[in-house]
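Note that the chains are named A, B, C and D in the order they appear, and that numbering of residues resets to 1 at the start of each chain.
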Amino acid sequence: MAKPINIAILGASGYTGVELLRFLLSHPHVRISALSGDSQAGKSMAEVYPHLIGIPLPALQKMEEIDFSGIDLVFCCLPHGTTQAVIAKLISEQGEARSGRGSGAMGVKTPANKLKIIDLSADFRLEDPAVYAQWYGHAHQAVALQKEAVYGLTEVAREAIRHARLIANPGCYPTSAQLPLIPLLKNKLIETGDIIIDAKSGVTGAGRKASQNLLYTELNEGFSAYGVGTHRHTPEIEQGLSAAAGSEIQVRFTPHLVPMNRGILSTIYVTLAEGKTVDDLRQTLQETYENETFVKILPASVFPSTAMTRGSNLCVMGVYADRIPGKAILVAAIDNLVKGASGQAIQNMNLLYGWDEGLSLPSTAVFP
Amino acid sequence: MAKPINIAILGASGYTGVELLRFLLSHPHVRISALSGDSQAGKSMAEVYPHLIGIPLPALQKMEEIDFSGIDLVFCCLPHGTTQAVIAKLISEQGEARSGRGSGAMGVKTPANKLKIIDLSADFRLEDPAVYAQWYGHAHQAVALQKEAVYGLTEVAREAIRHARLIANPGCYPTSAQLPLIPLLKNKLIETGDIIIDAKSGVTGAGRKASQNLLYTELNEGFSAYGVGTHRHTPEIEQGLSAAAGSEIQVRFTPHLVPMNRGILSTIYVTLAEGKTVDDLRQTLQETYENETFVKILPASVFPSTAMTRGSNLCVMGVYADRIPGKAILVAAIDNLVKGASGQAIQNMNLLYGWDEGLSLPSTAVFP
Amino acid sequence: MAKPINIAILGASGYTGVELLRFLLSHPHVRISALSGDSQAGKSMAEVYPHLIGIPLPALQKMEEIDFSGIDLVFCCLPHGTTQAVIAKLISEQGEARSGRGSGAMGVKTPANKLKIIDLSADFRLEDPAVYAQWYGHAHQAVALQKEAVYGLTEVAREAIRHARLIANPGCYPTSAQLPLIPLLKNKLIETGDIIIDAKSGVTGAGRKASQNLLYTELNEGFSAYGVGTHRHTPEIEQGLSAAAGSEIQVRFTPHLVPMNRGILSTIYVTLAEGKTVDDLRQTLQETYENETFVKILPASVFPSTAMTRGSNLCVMGVYADRIPGKAILVAAIDNLVKGASGQAIQNMNLLYGWDEGLSLPSTAVFP
Amino acid sequence: MAKPINIAILGASGYTGVELLRFLLSHPHVRISALSGDSQAGKSMAEVYPHLIGIPLPALQKMEEIDFSGIDLVFCCLPHGTTQAVIAKLISEQGEARSGRGSGAMGVKTPANKLKIIDLSADFRLEDPAVYAQWYGHAHQAVALQKEAVYGLTEVAREAIRHARLIANPGCYPTSAQLPLIPLLKNKLIETGDIIIDAKSGVTGAGRKASQNLLYTELNEGFSAYGVGTHRHTPEIEQGLSAAAGSEIQVRFTPHLVPMNRGILSTIYVTLAEGKTVDDLRQTLQETYENETFVKILPASVFPSTAMTRGSNLCVMGVYADRIPGKAILVAAIDNLVKGASGQAIQNMNLLYGWDEGLSLPSTAVFP
């Protein structure tokens, strides 16, 4: 067997960090070499996550204490806004930024000794510095890298991902919205002007921060809307859809919080393009994804539940006729921590190194 | 104190029946005189609901065994489709059907010895026999009563309710959708052509039927859509909205199932009428409901959660600007078993008998 | 109607505070005159609990800003350890401490103008200063009051409560353990040497503190033990049981955390006294509680669930034969926030003022 | 790679059946050749479990339609009581019953072409026909096989399992109780006369039967005891403990239902043997399980939660001092569907065929 690659996880003490570990610990080709967690530095992972007791892992370090010289791949799970400077520094110590985004013909494979980065934050997801500045309230601090970064929606950008140095791993809501919509927009099957995405997420999407409004007692037996009209995943969704449609798309997007740990379900209201039918939509989705391990199209009689994806890297979707002629409803479900975050990151890692794309990733839900 | 009125609950062994009991047991002016539950006839309520052990209540009977001669008020919690024949028979034994629906000027108060009926099924909610037949697959069997019945959305139809003989208690989804939309439509503040209602319900809405897909293990930690494009609450919503707007309205309505017992949250996408603002909408809602005990309008910074209504007769709503100019989002929450069913029925009973409208009805949520 | 009494709630921003409000807001004889919440001072209750929006309530103040001159009754919901000094100061400003605990013959009714206090903390629950010091790690700072305080387990200490000035409202676990055990010990029906209480609580028992281990995501879909062998409710339970038995009793007590908001269920393992049967136990419980509104004894075929008490002031219990001769199992359920805290406090208030003991207290569970 | 073994699952439409599939689908050495599900015969698995849509699997058949000639291994997930006749028939068609239970020296390896059976029902767990008859109310119908069957508590009976033809896979509660207790009893560290097991289970333990008392709405936000003093896992636990102790042991065992899908936590009250300490217990557990992949001993400061085992084959346990000298408390957690059922069955299969014992079995919990 080939030498395993050495992995560092920055921000390993958050939920996406520990979910990466769940997959990496059963992956045959990797070695977990460093874990950072600034506020918890010095602790073992088992002190931070008791369910990891007994598993040999490096202790948490401060980021600056990590020796990156032997590291092949960094998973970056740091907070939005702080990540760009960290990654810029890491890369500048390894070489210059290169043009990459969208250049399917990039061709040159990164030398094996070059550091690769899969960033799970939002920092490199938006291509346009102006859009970034508008939604995040400050100028992007690594604009060249922002240009280079490949947006890692695996099924859509597989070739670019294979050759990327810096992968901007998609957000959870955007993954659930883009996988059903992109093929329909590419094929001009739906109108671009009135897409509404009503999305519902489990609580892990909010992370592990000790916050009163995330307490069990505040959320259990309750369902609520939040961030109505202002959620930062909106431009990320619009960027992907606009690229697919070849024209500027604005969407209405409302997130909600469901009393469950894992799962996102997006209900998407669309208008059929002139002359198109719901069957056309379903057929296009089936054809687009027929060879995909992790995307399933349901028949018209079955509706997606997040439970069908729990703990797995699956995206399950269906398309349904509305009773108003010319209207259709798409419903897509994922596990926000897996296909919506760490699982897709592992899928991208597998692509990056030429391994079987599904290596160490569950494709059967933990049901019931 | 005046003589209490005698109440019969038909279909008392379902969730809306037992929720009626929760309120009626603390109501000062009623006596629970008969309870029917065909499949459980002969059992005590405590055998069917152990939490009622020790509370003196009549045993469950078959409906035909009930002596209605001393009954003043019937709450009808029978399944959809079977109710109309039952009620027609009850009323024909008491007198003739009278014209009533919508006739605010009806004037004549029902004599105290006349049977009154509050029906929690869907059987008398739709005015138009053709619409009923279309959605329920068979002709209505009591068309005269269907005409007479008053649709009991309390805050909207208070005067008609006071003088009704037969009240068609609104459905849960329709209550959550109509309370925010009706004032806006009446005041021409929103467009009528593109209303989308994305609604989410707790599981009690599905009743107490032993069914595999309602098992704890099937629903817990999962969120799903169901009945996409086909739910029977659609025409009920459209009827109310059309009446408010003075023109025919079609809506897109999608229900979802949330892993919680109680609560409905409806997220409603609307387009502002020419020249109108979100503030106009909020102000109209505030003015419409400012003297209501059970309807609360939230400020722009607070989003409704079903937890704010849990166990209470409240409807909590807010209106929010979308980031796309000219678009707004309404969010409304209720407890589906209370304001969405049994609580509103009690509210209507209180109106019917001239009592304080909130008598025995909680106006503070059971939170946390 | 008589003049309402004026109430202050200290620590109103916690869960027991807001649960007191749920009852007090529908109570006919009280006025909520002051609310303290040091860390939230200056805010309205609706800012702290959005479900209270629209309800007229005094704003939260710092404790020292409250004018107690017009206050008749204080509910004290402050943290353990800090309460004793606060209450000592309040009372010293109103008069001297008087001998009270256990003195059924105390006789003198407190003048109406004297401040009364119902303390929901643990500070005055333990009679013995040495036991207090041992479990809380510091000397009690109001020993005379500790002597005076009446332990407010309503059904057990009703007469003393009527005449108390300072009521130490029982803990949640101790309420669920003492109500079934005290009558059995008083009547010498069980052995005193090997009582084991395995107790399970919903998460509201832990309060509203922003703490990582109380996050929704950490607790949902998990069940755990905590504080094994060391929980501070142990001496409180032992004090009540010892008094009932007339001899020193030690118990084994283990608390657990259940993924639900409300409810405590205690499973209690006992050995029958020589010659006694499970039926003897059940009969004694039935006789003891037959006239109680809030205590229900289940038949042998029905097992308690916390759902039978949800949102209500009920305690539901059963006693069951073990298959090993001479052994029995008691199971008791309460809502920890109601009978285990704020509901019992209201029940005690009603006693204190000679009102109907159940005034404003639900005696039917919010089920389902 | 060697030829895969052919597997049939009888009763594949239940929760243990579908959980077996979750593991088998990622197992490199097996082929799923037949699935039975009498009431669902003719359907695809995806019709019965929509989360399996898209996975190629044999359709469900009636048991009698299965051709067992090519089958190497049967997992039997049939209801208790019906299984013994089925297995007796299967085996009689393949050869005679052989003496096996407990015969560590059995020696002869079953030829590869002989059918092997892993039974997940309770039918072959009890060695003694009289005990079986007493608890199940009828005589055992395959007494010779009952004698032959090896009780498959993997960590305890590894050698016997390797050579078994018929493995009686342990029950969920018994697994959680025996793994901590057996080493302590074998080493005479605890008294045998007063063991109490207070156990709490998630709802999947009750199976997928459409039953009113298993509805989401009946169980959510409630915690209850059930089967107090009468649960059929009691004799299974006592059999294992008695064998370990070398003397007859009776335990007190009470099961409870937790509002969660997966997980069992057993809290076990024991008395230390003369001169023994809690540290002795912990050390013995650590030594017993130090080389086990799936058993973890927690330090004294950490308490088990079922969340630490969710979705994995782990058993996590701790031992804690009670405050009463000479008493200790053991707490053990498993996922009832994995280590408590299908996971342990796979672990036993791996042993049976000489594969890595953990093949296809998760050893990291799905947390959060």
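Following the convention adopted for this analysis, a contact is a pair of C-beta atoms (placed from the backbone, for glycine too) under 8 Å apart; a residue touches a chain by one contact, two chains touch by 3 or more.
All values reported here derive from a predicted model rather than from experimental measurement.
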>> Out of C-D, B-D or B-C, find the interface that copies A-B, where copy means more than half of the contact pairs are identical.
In response: C-D
> If you average the CA atoms of chain A and of chain D, how far apart do the two points sit, in angstrom?
Replying inline: 37
> Between chain A and chain C, what is the gap in Å from one C-alpha centre to the other?
Replying inline: 48
> With chain centres defined as C-alpha means, what is the inter-centre distance between chain C and chain D in Å?
Replying inline: 41
> For chain B, which residues are shared contacts with two or more other chains?
Replying inline: 15, 204, 208, 217-221, 259-262, 305, 307-308, 310, 368
>> Chains as vertices, touching pairs as edges: which of line, ring, star, complete or other describes this one?
In response: complete
>> Under the stated contact criterion, what part of chain B meets chain C in this complex?
In response: 15, 18, 21-22, 25-26, 49-55, 204, 208, 220-221, 261-262, 296, 298, 302, 305, 307-311, 316, 337, 362-368
>> Going by the contact rule set out above, which residues of chain C touch chain A in the complex?
In response: 15, 203-204, 206, 208-212, 214-221, 259-261
>> Can you tell me which positions in chain D touch chain C when the two form their complex?
In response: 194, 196, 198, 200, 202, 217-226, 228-230, 234, 250, 252, 254, 256, 258-263, 265, 267, 269, 303-308, 310, 320-324, 327, 329, 331, 333, 368
